[in-house]
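Labels run A, B, C, D, E and F following the written order; every chain starts at residue 1.
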Amino acid sequence: MKLGIMVNEGPFTHQASDSAYLFASAAIEKGHQVLRVFFYYDGVNNANRLSEPQSDDRNLVRLWSELGKEHGIELIVCVAAGLRRGMKEELLADGFTISGLGQLIEAGIAADRLVVFGD
Amino acid sequence: MLHIVNKSPFERSALDSCLRVAPKGGAILLYEDGVYAACVETTVTDTLKAAAIEYSVFVLGPDLAARGIAPDRVIEGIEVVDYGGFVDLVEEHGPVQSWL
Amino acid sequence: MNELEPDYDTEGVVKKFMFVNRKAPYGTIYALEILETVLISAAFDQDVSVVFMDDGVFQIKKGQDTKAINVKNFSPTYRALEGYDVEKLFVERESMEARGLAVDDFVVPVEVLSAEELGGLMDQQDVIITG
Amino acid sequence: MLHIVNKSPFERSALDSCLRVAPKGGAILLYEDGVYAACVETTVTDTLKAAAIEYSVFVLGPDLAARGIAPDRVIEGIEVVDYGGFVDLVEEHGPVQSWL
Amino acid sequence: MNELEPDYDTEGVVKKFMFVNRKAPYGTIYALEILETVLISAAFDQDVSVVFMDDGVFQIKKGQDTKAINVKNFSPTYRALEGYDVEKLFVERESMEARGLAVDDFVVPVEVLSAEELGGLMDQQDVIITG
Amino acid sequence: MKLGIMVNEGPFTHQASDSAYLFASAAIEKGHQVLRVFFYYDGVNNANRLSEPQSDDRNLVRLWSELGKEHGIELIVCVAAGLRRGMKEELLADGFTISGLGQLIEAGIAADRLVVFGD
């Protein structure tokens, strides 16, 4: 199955990003393909390379980066949602790309399922 | 289709909306704070017992464990799944509506 | 990227997209940003439905005047949807009535569905986007 | 003291919690999405009519206007205030509990 | 800064602070970050009360095991509060009972108050912090 | 009256920051003093100088900056909440300061009223 994933909330504040990450990981483990993760609303903050959680806490920005690189998943940060929130190119962690909302619709068209995680 | 609910039934109306709209016979997965709805002996237990007859109701085990809810506190008829089971539900039941 | 590079040849594919609005406007940004998504979807020639239910019915309430909260009033944008060929707008009856609203209260013409009818329509979709 | 409620009564339980806990005679301000509670002809109107007798209930005008709620749709006995009035309530009624 | 520079001579001032926990843990971060605030408050020698009501009662539920969601289990931290002389922990009875919980279910000893009693206590505070 | 204000949510996503700003402005206009605004949880994102809302939208980061400078209000961003979310010194808009949670408690002690705005 080809999956698209939408993440609507920032890391830590809501569990949405954690759930999406664990769902994506489980899907890959089962042999499914995650085409694209689209970060919208406060979800754009998942791409902030300056994020520095406490040492005994998970680092969601890094986890997404690594998952994306390892499995060729596009990690797309919405440009419009990002501008508003100050999430710009210079803050992007490895593996994330800034692009337009059309990428979300395209993921919906290309994937067998689109799953939304948010608040 | 699959309906997924991540909101506490005590704080938000998301689960009520899901149960009002979702056609009988469909599948519902409770996850994140939504798992509190799956517990026995709460003010929403009766609602969920009825839902478990009309729908296939699932609850995410990792979220239950995180919140200290033992498996024997889950309403009979609600099936516990892990993240792999979540993926299977998405595959088997088709399009997903997130009741955010 | 590697061999998993997805195939995005989506040419000619038409899917049923449903946007589900369940949040009130202004208290949170969800109503505004999902509307931006609906507008973008129009460029992809998909079969788009937009649903207003729960507090989402407040999004299209007439008479919004946001000057005193210093926030942009985006309710006129719903009227622009028709120009983008987004014409399937639905309101769930139960949500509307619980909030003391009627079809005359909305800035756009909508089709009113019962919860049951809405559930049936939802069941026929390929992609459901909420926020 | 002053209780302030910014949640829609249709989506969240915040207002119920406020009304359960706040001692009678206190002041309650509805603002942001909380202003929907102040309207006539909804499923929560009766609750608010009763509350307006037991408490001093206020609603923030700028948030009403933003949401297209005309002043004549506000329940009798609920007083409309502006941000200056909000400040006055905080001054007059003392410590503030935010029912987030 | 200008002539409005506040006077922070708070030496010797003891106020009644109440922290009101109304959110479930893990679904959102509020429970964790407000707990950090409670811990810091201990350094200021104030009269601190901590209330668990609504879904906040779930914060102190025994048996939390967060390994499978990859999030830190912070429930043991509540047991550390006593060491910081934060000893006034209250649970609202109505919230507890509605959720099928009893005092035995909690990781810390708490005093159970009715909604009415809690309202009275809240009324006596100087500062109420929620999150 | 001396006021302390706590802002728990980021700009745009929730109305909390707008409400807090308009409340603070109204208080100042009435001759009250706002001692300190403490930004906690996602509220730290109100200090992000990269935030670039659409031209016809309000710019909350700039509004807070200006209000703070004009009226000598301390705009404090919680260091711990900021680290987790990647809101660091290099992103701070004019007039904001990063400091510890103790500043919130201190504001509660020093002010006549502390008002919390959040979600």
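Just so we're on the same page, a contact is a pair of C-beta atoms (placed from the backbone, for glycine too) under 8 Å apart; a residue touches a chain by one contact, two chains touch by 3 or more.
Since this is a predicted model, take the numbers as computed values, not measurements.
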item: Contacts common to chain B and chain C (chain labels); value: A, D
item: Chain-contact steps, minimal, separating chain D from chain C; value: 1
item: Label of the chain whose CA centroid is most distant from the centroid of chain F; value: B
item: Longest centre-to-centre distance from chain C, chain (CA-based); value: E
item: Of C-F and E-F, whichever chain pair has more C-beta contact pairs; value: E-F
item: Same-site or different-site touching of chain A by its copy chain F, using the half cut; value: same
item: Centroid distance [mean C-alpha coordinates] between chain F and chain A, Å; value: 28
item: Cα-centroid distance, chain D relative to chain E, in whole angstrom; value: 25
item: For chain E, residues that touch 2 or more chains besides their own; value: 26-29, 54, 69, 71, 126-128, 130-131
item: Junction residues of chain B - those touching two or more other chains; value: 6, 10-11, 13, 32-33, 62, 82, 95-96, 98, 100
item: Contacts with two or more other chains, residues of chain F listed in rising order; value: 8, 12-13, 15, 19, 22, 41, 54, 57, 114, 116, 118-119
item: Which chain pairs touch, all of them; value: A-B, A-C, A-E, A-F, B-C, B-D, B-E, C-D, C-F, D-E, D-F, E-F
item: Chain C to chain D touching residues, read off their complex; value: 23-28, 54-55, 58, 61-69, 71, 73, 75, 98-100
item: Contact set on chain B toward chain D in their complex; value: 10-13
item: Residue numbers on chain B that touch chain A, as the complex places them; value: 4, 6, 31-33, 62, 82-84, 86-88, 90-91, 94-96, 98, 100
item: Partner chain D, residues of chain F touching it in the complex; value: 1, 3, 8, 15-16, 19, 22-23, 25-27, 29-30, 32, 113-119
item: Residues of chain C that touch chain B when the two form their complex; value: 20, 22, 53-54, 92, 94, 115-116, 118-120, 122-123, 125-128, 130-131
